[in-house]
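Presented sequentially are two complexes of subunit A, the first with subunit B as partner and the second with subunit C.
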Partner chain A sequence: MLTMNEPADRLPGRAALARKVLPYALLSPAVLVTLAIVFFPMIQAAWMSLHDYILWKPKDFTFVGLKNFAAALQDEVFWISLRHTIIWIAVTIPAQLLLGLATALLLNQQFPWRPLARALIIIPWALPSVVIALMWVWIYDANYGILNEFMLRLGLIKASVPWLADPDTALYAIILTLTWQGFPFFAVMILAGLQSIPKSYYEAASLDGAGPMRQFWHITLPGISGVLVTAVLLRTIWVANSIDVIYVMTGGGPGYATYTLPLYAFIKARTNLDFGYGSSLAVLFTLMLLGLVIVYLRRAGRSVN
Partner chain B sequence: MVGRKSLLKRILIVDVPMLLILTFTLGPYLWMLLTSLTSENRLFTEGPSLAGATLENYIRLFSTVGFLTNLIHSFIIAAGTVVVGLSLSVTAAYSFSRFSFRGKRYLLLQFLIINMFPVVLLILPLFVMMRVLGILDTHLALIIANATVAIPFSVWMMTSYMNGIPKSLDEAAMTDGCTRLGALWRVVLPLCTPGIIATGIYIFITAWNEYLYALTLGGRNVRPITVAIQTLIGEYEVEWGLLTSGGIIGAMPATILFLIVQKRLISGLTQGAVKG
Partner chain C sequence: MSKLISAALAVGLLAGTATAYADETVRFWYHFDNADNPMSELVAKFEKANPGIKIEAENIPWNSYYDNLYTSIVAGNAPDAAMVKMFAQPRLVEMGALEPIGDRIDAWDGKADLQDNLLDLTKASDGNSYYLPIQYVVLYLYYRQDMLEELGLEVPKTCDEFRDVAMKLTRDTDGDGQPDVYGFGFRGGKGGHDHWGSFVLSRNVDFSAGSLTSDAGVAGTQWVVDLFEKDKVFPPSAPNDGFKEVTGAFKAGKTAMTIHHIGSSNGMVEALGDAVSATPVPECGGGHWTSFGDESTAVFSSAENKDAAWKWISFLSTAGNNMEFNKATGQLPVTKTDSEGWTLHEKRFVDATVQSLPFANLLPNVPETSDFVNTVWPVNMQRALTGEITAEQMNTEIDKLYNP
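Up next, the complex of A and B:
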């Protein structure tokens, strides 16, 4: 099928063939490279997960079937990490969403310094995660951190809290950092959604006597619901996957207090060099995410057509 | 006419909350900046302050820690990723935007799905693969790793930019005797230049900021800025003046580039989502 020019079958054989092949030929470099550097490695990861494979024993690559997966389900750390992953997503995403929504609603108002505010709000998004981790470790510092000083002065705490060294607060401290990093994304996405709602809807509603709250419920929310769902799906997948900030801030510690599932897989492979078990954790985690990915692809697939 | 009362109302319900959110957004960054300008021995006695601001941390960063080499490594990797990502995706994007063919939808979604997979799932096999190929700890290894993100992203962005250029322009060029590729090269690409630049800059930023691949696939010879900063945290644990100046320098290129292209970039990034 060709959209442009005359139908292909009316052309002489060679030219028609060339036309048919051309779109694929143009695609082939990108497709072949991604096959080689993305899809092939993924299959390899799945293959590794079925083996005993420890990197410093390279000759020992024995097929063990689903042993690694069975071991994971017996592994206490696996369940701890899974629970943290769930808390981590369940708190971070709503926090990012609400803060992002508030920011977008504000940015959608008329005020003189709006362009400046809009440009500055996305700065966290552009920063390297290592730098984000670094500055928040400094903020949380037990002795000289500004958060302790701030809260001591306000009388919210009585003594300095070692935010990242205390197992009870470490995970939530990181969640605050992640919220800070990710809410601008929501703000920008939602703002784009807000701006696509025709102004006339609001004019009509206020002529009919609808107040700001009712306008919000009946015009704004339905108008941005599509963007909200897409943004939440995308962000959930990203937040679930992101391990760099935690890795730099606490390395999973203290103890297992900030382990999430992908982080556990990464540490298993990096520190213990246990690539077999590490890959099986990664594969398990991917399977858990797959549901979300499929929902997202369905939506994206619709917009592609 | 805006009365005084409504102005006051606007300040209370728009300006003040916006200012609070911006304080939360920029506060940590400004605090890092302020710390980096405070000399190390005053930091723990008086705390960070603008009075007596000094560049001594920055001077030390470059003279003793050797930050410049790390910056160069990061630059080579990020620039290499931009070249690979853009050159591979231009023809693919053209194909997606101009033809309809069997399997198009699946191929497009294929590019979308790549960025959904956990980095861990890719990082382990890539490490094993590169070890076999003997390219660990080279710029090439990190360019390949970053390309896994850059290619799909760039295909999507370029397709969306090209969709905005009327097909009739290619047809006109081809009537005038251009081949398909000629039309792409002479007509479509020049019109896409702003989009190409924005996409390239975004790839540059993500590759510059990337950390996990750099940590795993880099090493002693190739150590980009992000890994260098993390090493600093380990080595100079309490010297926050030095650490924060490293953070400021490491974040500088990405921040500046981002502020330059943010408008165009965001319209490109959000387009797909708004339609959905």
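Up next, the complex of A and C:
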């Protein structure tokens, strides 16, 4: 029996219990919120993907198993979107990485006004996507766009090119926009990595007669490899999922020319109100991206170690 | 992405439960392109006349108006009343979201003052009335009077004349070898089905099985594609162009003709003065078709104060108030009183509208029409214009949507 006279014996036990429980108690609000706003919708999406669920027929919620997935694999637009998604990731990420790397190396040099240049370079990254998209729509405009005007005056093209209305150029035009938006992220991350490399390494290397290329290859690159792996992973996930810029610039058009899988899922669910099919597209894409991330982490992790 | 959607739904639900409304509040959704918002004055006038009812009017951006409306209904957070178009009616009825208002309309003093036919046009396929008309427009052809005169051309009455005139109007004015003016500003993006309809549905073609895929139907779409690909009378950006681009190019003198309604006429006159005029769309393949642009209001079945909501929407369709409303939207009033002595648009545009009324049509009153308008038409038109699919394939896709 627990009485007022006994706490001296009991307290250690209770204190131990409290010590065990307290961290969970403190964590639980955050976990609950995460469960509610991240995991619950995820599971709901997976659940919806197994059903015929069209929003304007709310009474009709029939379990159909993997029908939506089978339909997706038969869907011409799914494969078109998948091809665009692969081009989208495979061109944007390396382009952002190289541009970011070059910028970071430049910004790591000593020159007057360097802090100002470092601050300015972040602007594309800091602007809202919608603003960037609208800005570039005007740059590409076939009638008034500055890009056409520029190229016409330089004699590079003979007639205005409707960059966003031509299915051959639309996707690449948006990729260029996204590259411009995302390279500062790489630049800033790589710059931070560069500054963590001790100066003495370079001094020792130059004493041993290593030129700038060898220094870059043997000191700089290994020094920033950890940062690169993380930055590439983050950007891949973000770029793969990003639809805002495409949505504002072309809405997926002309035709399916700028459809990526997440955009297709969004349009199916939000515009056609077919939440069952839209969710199955989203689930399929999540699985693919997950596979890509796992493969990437295994390989990149190994090479960094 | 679906995470985002679910989260949006969840937030909608939370918002629905968190905001407890007083008994006599009416939440009203509308969309105005015009930023000069007249709603506050109408709301003030209404609230003064009906003490105890509070109107919360919310301007929802047009591009996502119906996305928001449908999701809010499913999330249990629908407005009490809203502005609605006919193409959305079958879905809203299917969702059980609308309140029948036929009896209220019959008992309403303002009924006799409504323009003839409007209540018939807006009746649902189940025989009930859910919509109360609030404004209307009819699409017609805008043209540059000055450019036609300069080249000695007549206003086109048929598609053959239209093509001929459009080709002559497409020209290089500054001698750099590139056209600076295009004959026609075609809307290849969302909403452009009205343009296509005038050139295709006029040919005794409709959405019934096999009609669009008939020779006449395919010839119509092919004719549109040829205007772009062969005759090059549309600006190169046409496949992606929406309302903004089409009206912008016309006002800037980049195009000599386009199709839109009286809602843009004041802006056109502001930019071009007497140089702009209007006429009914050309007659194509022996028939005449133009789009009737409807707008009504409806009371939602989830509304707690249906009487108050009805009072508000009938207020908006009553003479005087309807005039104020249409002053803001730039469209035409539905009341006979306001239509007489209507001076807000130049006469030539009102005339073109009235002349177009006899062959003005609505799209089929079925749920598929939403998908036709939002995705099937734009995607396939864009693919046909850019040569990815043929005119026949485009019409087959539309036929498949309506006749699975």
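Basically, the second predicted complex is superposed on the first by the 280 of 305 C-alpha atoms of A that agree within 3 Å, B and C clash if a C-alpha of one lies under 4 Å from a C-alpha of the other, contacts with A are read in each partner's own complex, and residues count from 1 in each chain.
Operating definition for what follows: a residue touches a chain if its C-beta (ideal position, glycine included) is under 8 Å from a C-beta of that chain, and two chains touch if they have at least 3 such contacts.
For clarity, every value in this text was computed on a predicted model and none was experimentally measured.
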Q: Have a look and say if subunit B or subunit C is in touch with more residues of subunit A.
A: B
Q) Does subunit B (first) or subunit C (second) touch A:100, or do both, or does neither? A) neither
**Q.** Which superposed partner A:182 touches (first subunit B, second subunit C, both, neither)
**A.** neither
Q: Give one of first, second, both or neither to describe whether A:44 is in contact with subunit B, with subunit C, with both, or with none.
A: both
Q: Determine, under the contact definition given at the top, whether A:301 touches first (subunit B), second (subunit C), both, or neither.
A: first
Q) First (subunit B), second (subunit C), both or neither: which does A:162 touch? A) second
(Q) Applying the document's definition of touch, where does A:117 land relative to subunit B and subunit C: first, second, both, or neither? (A) first
Q. Can A:270 be said to touch subunit B (first), subunit C (second), both, or neither?
A. both
Q) Which partner does A:34 reach: the first (subunit B), the second (subunit C), both, or neither? A) first
Q.
By the touch definition at the top of the document, which applies to A:256: first (subunit B), second (subunit C), both, or neither?
A. second
Q: List the residues of subunit A that touch subunit B in one complex and subunit C in the other.
A: 37-38, 41-42, 44-45, 48, 141, 241, 243, 262, 265-266, 269-270, 275, 278-279, 282-283
**Q.** subunit A-facing residues of subunit B, complex
**A.** 10, 14-15, 17-18, 21-22, 24-26, 28-29, 31-32, 35, 43-44, 47, 88-89, 91-92, 94-96, 98-102, 104-105, 107-114, 116-129, 144-145, 147-148, 151-152, 155, 167, 170-171, 180, 205, 208-212, 216, 225-227, 229-230, 233, 240, 243-244, 246-247, 250-251, 254-255, 257-259, 262, 266-267, 269-276
Q. Where on subunit A is subunit B touching in the complex?
A. 1-5, 20, 22-24, 26-27, 29-31, 33-34, 37-38, 41-42, 44-45, 48, 99, 102-103, 106-107, 109, 111, 117, 119-131, 134-139, 141, 144, 146, 149, 180, 184, 188-189, 192-193, 196, 226-227, 229-231, 234, 237, 240-241, 243-244, 247-248, 262, 265-266, 269-270, 275, 278-279, 281-283, 285-286, 289, 293, 296-297, 299-305
**Q.** Residues of subunit A touching subunit C in the complex
**A.** 37-38, 40-42, 44-45, 48-49, 55-58, 141-143, 158-162, 164-167, 241, 243, 250-257, 262, 265-267, 269-273, 275, 278-279, 282-283
Q. For subunit C, which residues are in contact with subunit A within the complex?
A. 1-3, 5-7, 10, 67, 70-71, 74, 91-92, 94-95, 177-178, 188-190, 235-241, 249, 252, 254, 367, 371, 374-375, 378-380, 382-383, 385-386, 388-389
